[in-house]
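Sharing a structure, written as structure tokens. Questions coming.
As written, the chain order gives the labels A, B, C, D, E and F, with residue 1 at the start of each chain.
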Amino acid sequence: MGTHEHDEETYRRGRERFLEIHDEKALRTVEGLGDLGRHIVEFVYGQMYTKPALTDRDRELGAVVALTSLGRSSQLPQHLRASLKAGLTPDELREAIMLTATIAGFPPAMNAMATLKSVLAEQDRGADGATEPG
Amino acid sequence: MGTHEHDEETYRRGRERFLEIHDEKALRTVEGLGDLGRHIVEFVYGQMYTKPALTDRDRELGAVVALTSLGRSSQLPQHLRASLKAGLTPDELREAIMLTATIAGFPPAMNAMATLKSVLAEQDRGADGATEPG
Amino acid sequence: MGTHEHDEETYRRGRERFLEIHDEKALRTVEGLGDLGRHIVEFVYGQMYTKPALTDRDRELGAVVALTSLGRSSQLPQHLRASLKAGLTPDELREAIMLTATIAGFPPAMNAMATLKSVLAEQDRGADGATEPG
Amino acid sequence: MGTHEHDEETYRRGRERFLEIHDEKALRTVEGLGDLGRHIVEFVYGQMYTKPALTDRDRELGAVVALTSLGRSSQLPQHLRASLKAGLTPDELREAIMLTATIAGFPPAMNAMATLKSVLAEQDRGADGATEPG
Amino acid sequence: MGTHEHDEETYRRGRERFLEIHDEKALRTVEGLGDLGRHIVEFVYGQMYTKPALTDRDRELGAVVALTSLGRSSQLPQHLRASLKAGLTPDELREAIMLTATIAGFPPAMNAMATLKSVLAEQDRGADGATEPG
Amino acid sequence: MGTHEHDEETYRRGRERFLEIHDEKALRTVEGLGDLGRHIVEFVYGQMYTKPALTDRDRELGAVVALTSLGRSSQLPQHLRASLKAGLTPDELREAIMLTATIAGFPPAMNAMATLKSVLAEQDRGADGATEPG
């Protein structure tokens, strides 16, 4: 259904970029969404995330700010993990969330800060010899 | 009215930061909002924009993404100008807006891209024979 | 309290339409909201859902798109069930959600697609001789 | 078209309440929207604005906060005028808008404050030598 | 810049679909947005608008509801024109906008209804003695 | 980190106001957010909530309407409790939520009404000699 219009080469490149940014588990979740998941891998990761001007750190900073602004909490933990992987420090993320409070209000920033806190706690727990890479 | 709770030192520092990020004309607009304008200068520029972890380039990248996501068009031109001043290139801004399209949808990204186009054109006109391509 | 301004005839018609679109259980939830629930039955189902131009299929397509766009997840499962009852196929709903991704962004579409998946799974489970009508 | 489901008595009461809150010119604009305008007069002004617990001052405070939060600028000037008519002072409105900044962010509050400023200026001009300071 | 990842075949198909839905003038506006415009033509029109399950009438109904819900007024006139072209009648559009009022509130529906009114008036003027009543 | 720019006097005043409006437990949650929590206590409660024009009842009416409009459910229970403490009656809160439905749509109002219902039930349970002040 609807798969004839997908482009294998773009999909393959998107899958590779997705795994650099996130991980296998996140990929399975996205692919569990069927045709929509395939478009996300192709368009977002195969096309948007392969453009030359921004770094992955820039992109994840942007993703965290956009998701926080719009109060889209389901995708935030995964992008906070990707932000840390892309080199943003916990302090940089805290400031980015505080800055977002000035544009989107304190409530979504409070929620995002609590989410960051639990992502950092989860990584601390995982860091004692665990293999979960974050 | 209500000014007794303002802190002169924070306000002075905010005013200085505001002028580094934006310009005199933008400051007059904000100060034209009275008590609210004063709080913006103090809290946003005197407190949020003086934190140590993010660079001004990071902050303006975040501001452009947040304003685009929420479709808040009135403040966007000024932050696009501040972004260029803080070192973001036109191509980086274009990619940031395209990335925002994936999180907030194409319509707000289309509006932001059209606004970027006119900010770049305005800067070209103002640039006295400059070669900045837009 | 406040019930003097309700119109019995419109309410009765709304209740009937509500039960055609949704079911008894959903009606009890709405009526549990008191005066607000009564206005929803009267105004939304007794007035908006009895207008002559659109079909129920059109209305539910619109409701799914609006709820997805705004990220209003609490009311989505019930309207996805109503959509299937009104004749929208799972593939039509999947495409409607993907289309919404282009206007509202991928995150709310991802959430809506996951919700559709569980509504469809719940109906599959219920279809083995169960009486729950969906 | 679609008018059979309107209730004349509720409409008449809504029209009366609308004119107490706003004015003839605003009513003509709403009635220019046809069937939708009629539902607004009936449902919002004939039913919501005739409930017993809140005062008009409370309702207009709520309307200004809701419209500011959501950035719905088209309806704001009319509700700011209605707020002043219902007894809210310019200082109360300024504080309400500043409070909204903490929940919805500074950009929509900046826009609302600028709108309030021009509504107050417009009322000063219309005030035939009145001393109302704005 | 960034064009290496575009797919010519998908773009060509998207351009064709775009012109069936909208017109040459609208295409020039989108293409004026550069790389973003190209992605819109490819992804939205070349991929989303070529899926098999929904009709163009369904898609435009969805687009009008989504744009109205989110208050995205810049893209609404063009999709209202496309809706009429795809077979939605003025009465169906009026009901769709009224239905959206119940999910997104009256203010965005009021704006959309006023926009529909001017799109219909513009089509009447363009219609050389046509009888379309608007 | 970042605390050098906090003002002890404003923080102390904010903490006092916060405890008048909410309670110790809510304060611990906000302070658990670190630097952001500190800014909320200082700016929102030490500066916005100490302005002279609005009453606490007005402020909480505004907070409930803003949080309901934006669908920000995490902060709503605490502000509903604060509303009751500031003198708003359950009926006034019900009407405020219904009024918000007209501006923001029924779905966020339905959620807010269900939240109010459980806040009221929780207070009823707590009222039998319990010490939890609400």
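Just a few scattered comments:
Just so we're on the same page, a contact is a pair of C-beta atoms (placed from the backbone, for glycine too) under 8 Å apart; a residue touches a chain by one contact, two chains touch by 3 or more.
Just so we're clear, the structure is a prediction, and the values are computed from it rather than from any experiment.
Ranked by separation of Cα centres from chain B, the top chain is C.
Judged by contacting C-beta pairs, the busier of the interfaces C-D and A-C is A-C. If you average the CA atoms of chain A and of chain E, the two centres end up 30 Å from each other.
Chain centres here are Cα averages; for chain C and chain E they lie 24 Å apart. Within chain B, contacts with two or more other chains are made by residues 1-2, 39, 43-44, 51-53, 67, 70-72, 91, 94-95, 98, 101-107. For chain C in complex with chain E, the touching residues are 43-44, 48, 51-54, 58-59, 61-63, 65-70, 72, 89, 91-92, 94-96, 98-100, 102-104. Contacts from chain A toward chain E in the complex involve residues 1-2, 5, 7, 10, 39, 43, 46-47, 50-53.
Residues of chain C touching chain B in their complex: 101-107.
Looking at the complex, you find that chain F touches chain A at residues 1-2, 30, 32-36, 39-40, 44, 67, 70-72, 74-75. Residues 71, 91, 94-95, 97-98, 101, 105-111, 113-114, 117 of chain D are the ones that touch chain B when the two sit in their complex.
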